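First subunit A sits with subunit B, and in the next complex the same chain sits with subunit C.
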Partner chain A sequence: MKKPARRVVVAGFAVGLIAVAAFFFWPESTPSSARVFQPPEVKASRLTPEQYRLAITDVFGAHIDLGGRLEPVMREAGLLVVGASSVSVTAAGMEQFDAMADAISEQVLMHDDNRRVFLSCAPAKSDQPDDRCASEFLAPVGERLFRRPLTEWELRSFVAAAAAATKALGDFHAGLSLSLSAMLTSPQFLFRIPVIEEDPDRSGGYRLDAYSRAARLSFFLWNTGPDAELLRAAREGELDSDRGFRRQVDRMMASPRLEEGVRAFFHDMLRFDTFETLSKDPALFPKFSRREMADAQEQTLRTLVYLLLDQQRDYRDAFTTKKTFLTPSLAAIYQVPLAHQGPNGGVESWEPFEFPAEDPRAGILSHASFTALHSPPGRTSPTDRGKALREVLMCQTVPAPPPDVQFTVVQNTEDPIHKTVRQRLIAHSTVPSCAGCHRIMDPMGLALENFDGAGEFRLVENGQPIDTAGDLDGMEFSNSLELAQVVRDNPAIPSCLVKRMTTYAFGQDFTQDQRVFLKQMRVRFRESGFKIPELMRTIVTSPEFFQAAPASDPVSVDALTAAVR
Partner chain B sequence: MRAPGSAIPEVAGVRGRHGGSGRGAVLRHGAAFGVVLWSLWAASVALAAGGQSRTFVVSFFAQQFTNYPGDCPGGVNPEDERGQIAFALRTMGYSGAEVRCLMVGWDQGGEGERKVNEILERRAVINGEPVNPMTHPEAVPDPQLKFVNAKQSVGFDLDGKQSADDFVDMITGKPGIDNQLFRSLGCNQNFRGSWTSPSAYGEWVWVQLRDSQPAWLMMITDAPSGKAGEVIVRIQRSFDHLRSNMDGSPRWHATYRADPDPRSFNEYRGYLRDGELTIPRQPRFSVLWNGLSAPVLNLSQFQLRLQQDSRGQWDGLIGGFQPWRELYFAFSHNGIVGDRPGLWHAMKKAADADPEPATGQNLAISVAYRFTAIPAFITPSGASVRTAMREGSKP
Partner chain C sequence: MNKTRRGFLRGTFAGSAVAVSLPFLDCFLNESGTALAATGKSLPSVFGNWFQYLGLNPGRWVPDQTGSNYRNKVELAMFDPWKERINLISGGYYHLDGRPVETHKTGVQIATLGGIPTGRESGASLDSDIADVIGRQSRFQTLDVTGTGGRFGVSKRAGAAYKPVEASPAALYRRIFGADFTDPNAAEFVPSTRALAKASVLSQVSDQRRAVLKTVGASDRARLDEYFTSLRQLEKQLAMQLEPPEPLPACAPPPNIGEEAEPGGEVTAVERNIDLFTSLLIHAVTCGQTRVFNVTMNTQGCRKAGSTQNWHGYTHEEPIDDALGYQPETTWFIMWANQLFTNFLRKLETTPEGAGSVLDRMLLLWQTDHGYARTHTMDNVTTMTVGNAGGLFRTGRHIALAGDPVTRVGLTVQQGFGVRTGAWGSQSNRATRPITDMLI
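Here is the complex of A and B:
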């Protein structure tokens, strides 16, 4: 080859190398400007059980008994709120909605004490329809429930329904109650149905309309629908101006209700809904009853709220913090002193607590909400715990076990040869098809083996000392405290949080076209010192947050209504 | 056991969602301060004693009856209600035929049962007038309950002497064991038990007491002398009930507030060797107890012997001489024990200590109580915590 030609080849090779290096090593702090965010298609999503509860509480008060429970939502992209955007309502589920609506509306309008509060007018005759009085009640309640003012047609329909029911039942309040019940089973209440409009800032683009923006903002920050002030701001066009919008964001971020939003997010991300089906063998773990299960979730949520909201600390510190909150019942599981301060039989109170430096507990991985939740009923499972760490907190996917897998060796806790779970897992992992996946799960889980299936500390298993050494992505550790530090320092931890929180805020998973936004959020999160409130503010104030694309397969409200009916 | 943690002031002082002002904040400050106080208190005890403290809560406590086949050669005292009634009627002088006739009526219920009950209620007579046989057992003829006639039992040599009525300890093999409560009541069905299975009475009364009385606490501290194995053992009451798990078993590692009441405060020099804790003879042991058992548990010539297992649980006995009338106080209103006036007479005859000067009648009986304790945390008294809470809430 001639020299010039060779130079061209060398130069070409160098350029190629640089291109490859740039692709892999280009710093994240330079957000890609070449790739444009493609707004997600709008989707209707069903209220989660907690959102339903809060919505009723907001409008009618916490004393209203819901009278039932919602059917569960499937988790998608690691979050229930994403699953909620792809669910319908089954016939049985609709029966539940119907029963709950009846129970709520009866309490609101058929109980004298409540009626005096919620119904400001009185019908001219108690056994005759009174459209004026019905309208006075239904219009404001409907606005709160539907998260937007009722259209004239809607209001007329609900008033007419109340009148017809009054005639049939001979009781104005009973008729109005039935109309309220219909409102509570309307898809407009049960589903968040975004409405889009042309985006004035993007030619040819769309964004959510003011009320849908208010709803997205409110459900993300407070886990409930917009309050009266936010609805007013939407109605009066305040959300269309940057200043007005930021004023509302500031107000909501400063509200104590932000805690509801943060708790709801972590409840979803950490999969605390699965406590519902968690069971423990009482013969092996007699301390861990339903009360301790509830307390375990609350401990972690309180810790996170304290650390991330009250103290505005680095999110990663959640994995190493020694500070937490305990009840006396949980303290007994953690084998630390905390006396019940009230009378015998009284409700246990929550107290701040800090584990000593030498205590093996640090961070939320050492909480019972992690160690017990990710353990089978009668033993520990380093594999389950490692898988949970990978999937829940690092947003990684662990392949499912092969169809012919045999768990017998791992599950036999009375094996006289393999006394510790480490020994059993080693025996199990001699099967090549198992070994690969176990290598990425077990080492982290084994570091938590000092915490038994109910989260209680132990040093031995079946009389054998427990070895807690392992590694995570090449970083070695010898015990749970070192694991906590390694996890804290793993870049996948904040990345995953950004992914989960952004997905949670949008209510739907991101496609490849939208991931540029995630990258921007990761950079901003890092620049903020990994502060959760800053990330929340960054998400809601980003232009992308309200951008939307028309649904390619639109489901009309009529269709939804038909499905519900 | 690991070193306990402690709440820290800056956590306790969090404002906003967890802190703020008002009663909640006071409680939080107070609770945190309380735990700190606990640390200081425990540390001071340990420092004063020159060593480490280990704290426990009593997880079972009842009279120990360790029976074995053949220990009642005369047979077991009537074990069911029918048998007890018939037996009582016989002791009142009714003939066998009369008793059979009365019991037919009792079996039929109604008038026949009422008649038998009336007779039984009148079996105690003072100055020709019927009186309550439970409150006046002395006025009931002694039904001559059968005694244990055996050589072995469990307990302590309380008087330092060996006498014909003493037992040989079936665990330690030591002679001179004083346990006349076992001898006098050990042939009554509901008192019969073993080391692994408590008597029906013991089990029943513990279940009643466990949830209706404050827990008892035990703290073991290295003695200030620094001599190997020498410890200080404190036994006192708590303000809290024994904490239980979902299956009813006592909860390990729960936290209890200590009651500073001197009537329930006992502290002794003891010895801890090879996992065995012993307290040699002490003049007195006293803890406020419960109306179901006795208002106060008073023991003289008190001794303790416990063995610790690999998990940290203590199991063993305490013993001493106990006023037997106080025991009768508990038995007299617990139907489970059987013929109650009979128990009075049995204990009266078997009593072996504290003779009444005027009559020579012994007022105390030697007893052994099963005593188990599990690891727990102890905080200072509730009163102190409440004071601390007020102090801690000051800016």
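Here is the complex of A and C:
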């Protein structure tokens, strides 16, 4: 049974980790100057590929085929959403956005079935411009896409663009389609550009304006732009009253679309985007193809939604729950029988499943979405898994290896003496400069060694029984089930969730000036019993959520414009 | 008298969308097609950056001689056929200035950005600086591919994110030679009415630039400015569809791409896709689509089919064979990667263009991230240049930097291509002296 470890953590490398931990878990270390929340400077944020997809689905329907891929965003502070606030659009990325905008607008306006739905008017002549009809289409669509009404000048520009294109092409719908394409390529759509106003509740302070508030709320809760009702509330001033605002929050929290927001958050936090570039050797892992990779992500997301939204359970239970959902393909990997409800040969369905108590699988760490994602193509890596647990789920930073680190210890996978990865790692760790790093990563990863590089269960490696014992921050465990419990009980787990979800909600990393807010959220999360919906509600109803500081502006617009033009 | 084809088109059609035959093509060409007889211009120089992670084995590549009469050692012996076109640079350093080695990141940053960025903001990669000089009039200012899978390469603009890389040859084919490609040698030129209409529409977005920039702060303004720069590149691509391109006799656009392998690190897939990318990049150059390209060869997932270990893992974990004196599997990958690069060179050299080959107007910069990957060393880093970019560089030498920063190579290459800079890099990696042996 687990108990405090007697082994001494190698001090040198634990320093970095402890420093990180101290910052988040020891509030008394917060300097007095940082005890008052200082609103962050407003920043524009580019839509992530998933936000783009959802925005199009919201406005035009899920049947619109985006037909391509979009420029990816690099992760910052553990989240793509934060990275989105520091990226732009490269030339290659612009080509992708443009091609996608063309594909979307053509489907919307050049396909008869769709056009009848989206275009309520008809031009006076099909080969001539019709500004009235163009406006009737562009104004409401533009409001949804830009997440605010178009300015008079913007609308006039897009209508004029449609007219010019109509003249060139001799086709009203083709011209209007190009204008829509331009709208989808415009910075007002691709970037969320916040606008601030004076905060009536804080003399001299600022907050987001009503439309920017609606956007921040909607992207956090639903991972997409405001719907028509939220835009109406922003337009009519309802978001300015506490009652009106809370009514909208209640509506959005009760909406089935909240699931989309929760999924998007965990997809980002758990780094599922990296599945896109994950590869597994089919000769070694024949059961784990692209399809199983997609299923693995879906399994975890379904489990989290069921547990945290449907059942309103404690977030920490995600690490110990025996309940999950499986497809027959995943069941084959997990080597469990799955009662398949669908017809033979039909599309694989998802079935609820509960691992038996004695089964070594419990919680999301035992899912293939963790064990396979954090393994190289042809084998396991306790180091990779341990590092992922530290960095992804505990928000800790594993120190970088020192310069010129020596890898002189035998790590031969065919070594007749060191047959298991544990034996090889122990041999490797006899070098002091290696030991420190590996000591804070490997023990947790070794506990998951019963799951191979594709998540399949195994008891032996190269004919030797696998030893899954280890410790995490002083708590010992002997197998993956005990590891799950130790992880669940580690205070870094809920604290990290608060940090990730709060920065996700704001869309930018916190500086020292805002970290007092994290402390408040940690307390509220604990008081709520670690309930995710409660944390989401707490964040959005906190006054700080919409507070903002004006952007610093040392460069004159005129000077910059003149320089580039 | 206006003798250019553009002028002819403008004067005759005022840009309207009608087909026009181009009967005067031959009179503008000299015998070989090397130069446009009407203008006397040479074919423009091209810069290619090949970034191969994990380097070579110390002791197996640094020649014992410097200067032009050097003899390649075993790991570079396969480059002998191109020795006269190569500059081999040894003895260079990536200086850490007290910063930790972020494995396979720090070396890349110093090699391509000239230093280790502090904070989020960083300068442009050297290919972007070169593209700003030689690539502004190209349809694609840079083309960025990876032979080994992944999403980001080694190229970026100042203050911006790393550019995405194309891992799929089929996708790159569609991008270059899809519907928007204009064949420079077509007998007839038909300006695209759709491109005309689209250019007009996009100009409306461009016109919003001033209004958008007014609403944001300084850091956002830089990012949005990059957006508008990218938009202008898109507009330029459209504009190129409205005017007949200069004829390029060596341009023969491929009819299709052939079957690609699933992007990733398995060696046969890498070989297949690099072969396809090589053809596409050559066609892109000969057809005037780009003058700057980047090839990233990552190694994290690079492995033989059925193997539990990959190249990167081998460098850390494979024992040194006592008899051989090096890591055998790691060295297999080194030689394999070198072979891929020589295959690339061979294709360039055997693709005729003008009186010679397409390699004649290129300079390829081969870089890596570590001197010795097994121990993550940052000294004695291998660097190579191949080609003289149409006479801009001297070649055929082994140059020993003797502890100087590798950024001296980057500075030299930039200056050779006409980048107006007297220094490149930061802190100890700041280079102020180009390698004069390489410059004409």
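Brief remarks on what is shown
To be clear about the criterion, the second predicted complex is superposed on the first by the 500 of 565 C-alpha atoms of A that agree within 3 Å, B and C clash if a C-alpha of one lies under 4 Å from a C-alpha of the other, contacts with A are read in each partner's own complex, and residues count from 1 in each chain.
Going forward, a contact is a pair of C-beta atoms (placed from the backbone, for glycine too) under 8 Å apart; a residue touches a chain by one contact, two chains touch by 3 or more.
The structure presented is a predicted model; accordingly, all values stated were derived computationally and were not measured.
With both complexes brought onto subunit A, simultaneous placement of subunit B and subunit C is permitted, the two fitting side by side without a clash. In the superposition on chain A, contact of A:Pro328 is made with subunit B only, not with subunit C. When the two structures are aligned on the shared chain, A:Gln485 is found in touch with neither subunit B nor subunit C. Contacts of A:Ser289 after superposition: subunit B is touched, whereas subunit C is not reached. By the touch criterion defined above, A:Phe355 lies against subunit B but remains apart from subunit C after alignment on the C-alpha atoms of chain A. By the touch criterion stated above, A:Trp153 is placed in contact with subunit C alone, subunit B being left untouched. In the superposed model, C is the one of subunit B and subunit C that contacts more residues of subunit A. Of the two partner chains placed by superposition, only subunit C is touched by A:Glu276; subunit B is not. Between subunit B and subunit C in the chain A overlay, the least Cα distance found is 12 Å.
In the three-chain superposition model, subunit A touches both subunit B and subunit C at residues 283. Taken together, the subunit B residues at the contact with subunit A in this complex read 1-8, 11-12, 14-18, 27-28, 30-32, 34-35, 38, 239-241, 243, 245-247, 249, 251-257, 377-379, 382, 385.
Those residues of subunit A whose C-beta lies close enough to touch subunit C in the complex are 41-44, 71-74, 76, 83, 86-96, 98, 153-154, 157-158, 160-162, 164-165, 168-169, 174-175, 178-179, 181-182, 185-188, 190-191, 193, 195, 276-277, 279, 281, 283-284, 376-379, 399-407, 410-413, 424, 550-555, 557, 560-561, 564. Those residues of subunit A whose C-beta lies close enough to touch subunit B in the complex are 256, 259, 282-283, 286-289, 302, 305-306, 309-311, 323, 325, 328, 331-341, 344-345, 349, 351-356, 358-360, 457. Touching subunit A in their complex are the following residues of subunit C: 96, 100-103, 120, 140-142, 144, 149-152, 157, 160-164, 166, 175, 193-194, 196-198, 200-202, 204-205, 207-221, 223-231, 233-234, 237, 262, 264-266, 300-301, 303, 305-310, 313, 315-319, 374-378.
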